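Sending over a structure as structure tokens; questions will come in a sec.
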Amino acid sequence: MDNPKPKVAFYWCASCGGCEEAIVDLGQDILKVVEAVDIVYWPVALDFKKKDLEAMPDGSIAAAFINGGIRMSEQEEMAHLVRRKSQMVIAFGACAHLGGIPGLANFWDKSTIFRTVYHTTASTVNPEGTEPQRETTLDGHVLTLPEFWDSVLPLDAVIDVDYYLPGCAPNKDLILQAVTAILEGKLPAKGAVLAPNKSCCDDCARNKTKPEKILIQKVKRPHEVNLDPETCFLTQGVICMGPATRGGCGERCIEGNMPCRGCMGPTDQVHDQGAKFLSAFASLIDADDEGQVERVLGSIADPAGTFYRFSLPSSILKKKRMEAIR
Amino acid sequence: MSPENFEPRLVGFLCNWCSYTGADLAGTSRMAYAPNLRVIRVMCTGRVDPQFVLKAFQAGADGVLISGCHPGDCHYKEGNSKALRRHRLLSRVLGQFGIEPERFRLEWVSASEGQKFQQVCNDFTERLRKLGPLNLNGARGGSRG
Amino acid sequence: MANLTIDGKPVEVEDGATVLQAAKKAGSAIPTLCYHPLLEPYAACRVCVVEVELKGKRELLTSCNSQVQDGMKVWTGSERALEARRLNVEMLLARAPAAEPVQRLAQDLGLSRSRFPVKDPEEKCILCGLCVRACEQVVGASAISFIDRGTERKVSTPFGEESEACIGCAACAYFCPTGAITSEDKYGRRVIHDEMYLGPTTAIRIPIRQAVPMVPFIDTSACIHFKTGQCQLCAKACDREAVRYEMEDETREVEVGSIILASGFETFDPRRIPAYGYGRYPNVITAMEFERLVNASGPTGGKILMANGEEPQAVGIIHCVGSRDENYHPYCSRVCCMYSLKFAHLLREKTKATVYDFYIDLRCFGKGYEEFYHRLLKEGTRFIRGRVSEINALAMTEKEEGKLIIRVEDTLLGAVRRIPVDLAILAVGLEPSLDHNRLAKTFNISCSQDTFFLERHPKLAPVSSFSDGIFLAGTCQGPKDIPDTVAQAGAAASEALALADWGKVELEPITAVIDEKLCSGCQLCVGLCPFTAIAMDKDKGVAVINDALCKGCGTCVAACPSGASFQKHFRDNQILAEIEGLFYDEAEREVHP
């Protein structure tokens, strides 16, 4: 066979499945992709097993797209495996890129999470206090479960990542651009995020509705306001992470009259998306005295959760102080 | 470092015109104060990016101080009021990260307040000595197991 | 023109002139009571009657409202005229016995008393109508008029009730020749020391005797013309036609390269210290008021007088009013000791009063100042070292009756003393001028703890502010006396000129820069800059920093949510490197958390 098609793999870690759907959402364009590449591993869609992957020669996969965060031992193992077998690994989606929404679990640890999930929620009936164990024996066979860690990690905390496709989930155009770039060998320097390096305001239709000086006097949550479909959300007193979030996503949320939540992560120059947005937002508070500042800030329901919604594991602090959780 | 001789490591962001000059004054006046504060000079407290504060904690600081001109006296008019707002919001966020509000402090020290600088350094060091080391999580942000 | 003779003298006047005016021109004086050159003649008093012959007929006419005619012969003092005049004055004397002008006229005419019955021996109103005419013709308010008839006729407001039409200008009192109408100040007193200028003034006035330019201004809040549209007497009086009511405040924009702030000071308001009785006792005055009193062009011509017009026998000068006081201003106002000593000296020069100086320290720091103090010691000024706690008028002995009592602890004697004085002068301290805060915000000037403008460096840059091109001079930067102010002003002027002369301006190297490749145009930084150094480039959709306006604070850099801007020499990576450096472990050659 002349010029075999490049091999491509998809894997999912701590994931919701949305990134997998994003591939499917390519719609008719998926046919172009399928024509150009050979998908050799895709647990959610194709029936390949782990042993098939292990059997492949190292580096035989041209590009592997891994989505989801790393929070269990199995996910780290598989990430290493895929990495060995691939020339290029792309962290696909916000969870692999930044830790994603599952990353919010970093405000707790394993024991707190298990206590809630398996014991204290109102609808849980667990009189014996059963919790998942690493090992159990059934009919003489030893069954194991992966280790559940205290923290969620982004993909690049466990393996070497070549490129990042941001977004929750990455949008169709970005995916196609990335795949085309891979196929044509026209990728930027290693380590790049495959999306424009400007924040969402660059593309946002509401940007021009901002007044010369934005003054925040009270913060309102999206459900507390009759959101005007044309005015900038910040001007309406609603937190929109757009200014601190990389653009290129097509502003689907904005067009759906909801403020940006920051899923594309920060621009290249920013180390900590939550901190940068905090800095910008706090600077806009309109108050005559300290008491008023405190009152305005008091109207933000969950600052850490809001500002670090997708990026907590890749932030500077990464996780709540363990001493303070227990 | 055992608890008995725990020496807090403090980072201070001082604005050039007021606090840094005030700290200088404490020095030229030969005032003795705790040496635990490690100073970084910025032109204005408005320059202090919350990322710096987080980085300082992550690099090993047990406490971070931002000190600038008194409200209304900022050399650049309003930089210190922005610093105040960022401090207040960042304090809340740090609280959610389990970092006690006492560890992140905002003070106003003017160019003529050498004595106040001395008091702030001593007080901050003492409080943190009692509070103990921060013990932020390791590089991977918490144990695996 | 008309030709007539007055008392045999030929005189030529314009047509329409009155006999009274012609008589004045001819040099024959005719007495009047109800005439005023600014008002329409009324001929109410009948005192100006003269005998007139025209075309062979002789009759008595009131000269104030009779027009001249060609060929008239007038006798102002003929027997018939005098008899008529005497009778009219006799009747007026019976009507208003207390009216001084009537009494004087009666005396001139040889009348000692009136044979007619007197209704009210205190009556002063002669029903001349000057007040009514003034209110209508000059003021335009028409708040008063004659009411009732015959013997009941009097001047009043409608129904005798308080009139809304009255604007309180007191023109009626001004025009009243007998003092039947008086104006009363609302608080029942009008004293010599009232108000800033030590007395009521006119609506059009020159602010102070040393005003530059020496030109009057119209206080539109008091001017009748601005209330009723009439009067305009000042414009009529000015033969240069210099009074213009239509002048309006003009706002002009001037582009300059450097600015000197010399906004001066305000004196401390001693009403803030109720214990000193300022505003309660008319003889407690401020230093500024005393300066006015002692000034030769002041209300008393330079004589030092108390509120009742008498010379004081004892005067107390209280130092440090509002200064060196934790409750008001902790700073020393620098000039008060010396001006208080000056007052003490002037008091000794102009009066025989005993002078007491109540001080904390005597700050005589300048050239010849200490020597001046010694001179005062020789002159016999009594210096009492102590802070005055109270000034009151509660006499405890007969000697203290009618005096102001100054209670003070004499620290050198170690006793509390009561010093009775007639006049108390409060040496009020200096504060920044009234619009100081507005200026500070407009020009972005920092203020020091004492609230005056802050100089860039107390030793090395005493006339510069922290903003390039804006200089400070005079008391706006801190209390100082005239020699120091002049020196500082000269320094500020030369710095400003040097700046202009150099032709170049040095810019800050630590300015902020926005990378247009990274800027998304979110505009969040634009409103943050207090120096308006950031503007949007609408075409490129990015924010741009004006390097000449940027002062290098870095606030916008910290705020930029996408990290598109940086501050030269204070970049993120530089500061982060500093932080890492602070925790660098030499032994392990790494950042050791």
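As written, the chain order gives the labels A, B and C, with residue 1 at the start of each chain.
Please note the rule applied: a contact is a pair of C-beta atoms (placed from the backbone, for glycine too) under 8 Å apart; a residue touches a chain by one contact, two chains touch by 3 or more.
Just so it is clear, the model here is predicted, and its values are computed rather than measured.
Novice: What chain pair has the highest count of contacting C-beta pairs?
Specialist: Comparing chain pairs, contacts are most numerous for A-B.
Novice: Quick check for the class: compute each chain's Cα centroid; which one is farthest from the centroid of subunit B?
Specialist: Chain centre farthest from subunit B's centre: C.
Novice: How far is the middle of subunit B from the middle of subunit C, if each middle is the mean of its Cα atoms, in Å?
Specialist: Distance between chain centres: 52 Å.
Novice: How big is the gap, in whole Å, between where the Cα atoms of subunit A centre and where those of subunit C centre?
Specialist: Here subunit A and subunit C have centroids separated by 72 Å.
Novice: So, what's the distance in Å between the C-alpha centres of subunit B and subunit A?
Specialist: Centre-to-centre distance between subunit A and subunit B: 33 Å.
Novice: Among the residues of subunit C, pick out those that touch two or more other chains and give their numbers.
Specialist: As it turns out, subunit C has residues touching two or more other chains at 528, 555, 558-559, 572, 576.
Novice: Return the residues of subunit A touching two or more other chains; collapse runs of consecutive numbers into ranges.
Specialist: 270-271, 276, 279, 283
Novice: Considering subunit B alone, which of its residues make contact with at least two other chains?
Specialist: As it turns out, subunit B has residues touching two or more other chains at 49-51, 55, 58, 82, 86, 136.
Novice: Taking the complex as given, what residues does subunit B use to touch subunit A?
Specialist: On the subunit B side, the touching residues are 49-51, 53-55, 57-58, 82, 84-86, 88-90, 92-93, 96-99, 134-137, 140-145.
Novice: In the complex of these two chains, what residues of subunit A are touching subunit C?
Specialist: 197-202, 207, 210, 212-214, 242-244, 246-247, 266-271, 276-277, 279-280, 283-284
Novice: Using the touch rule from the top, collect the residues of subunit A that touch subunit B in their complex.
Specialist: Going through subunit A, the ones touching subunit B are 73, 106-107, 109, 147, 149-151, 153, 157, 270-272, 274-276, 278-279, 281-283, 285, 287, 290, 293-294, 297, 300, 302-305, 307, 313, 315-325.
Novice: For a test of understanding, state which residues of subunit B touch subunit C in their complex under the given definition.
Specialist: Touching subunit C from subunit B are residues 9, 11, 17, 38, 40, 42-44, 46-52, 55-56, 58-61, 69, 72-79, 82, 86, 110, 112, 136.
Novice: Taking the touch rule as given, give the residues of subunit C at its contact with subunit B in the complex, in rising order.
Specialist: Subunit C reaches subunit B through residues 444, 446-447, 449, 454, 466, 510, 528, 530-531, 551-555, 557-559, 567, 570, 572, 575-576, 578-580, 582-583, 591-593.
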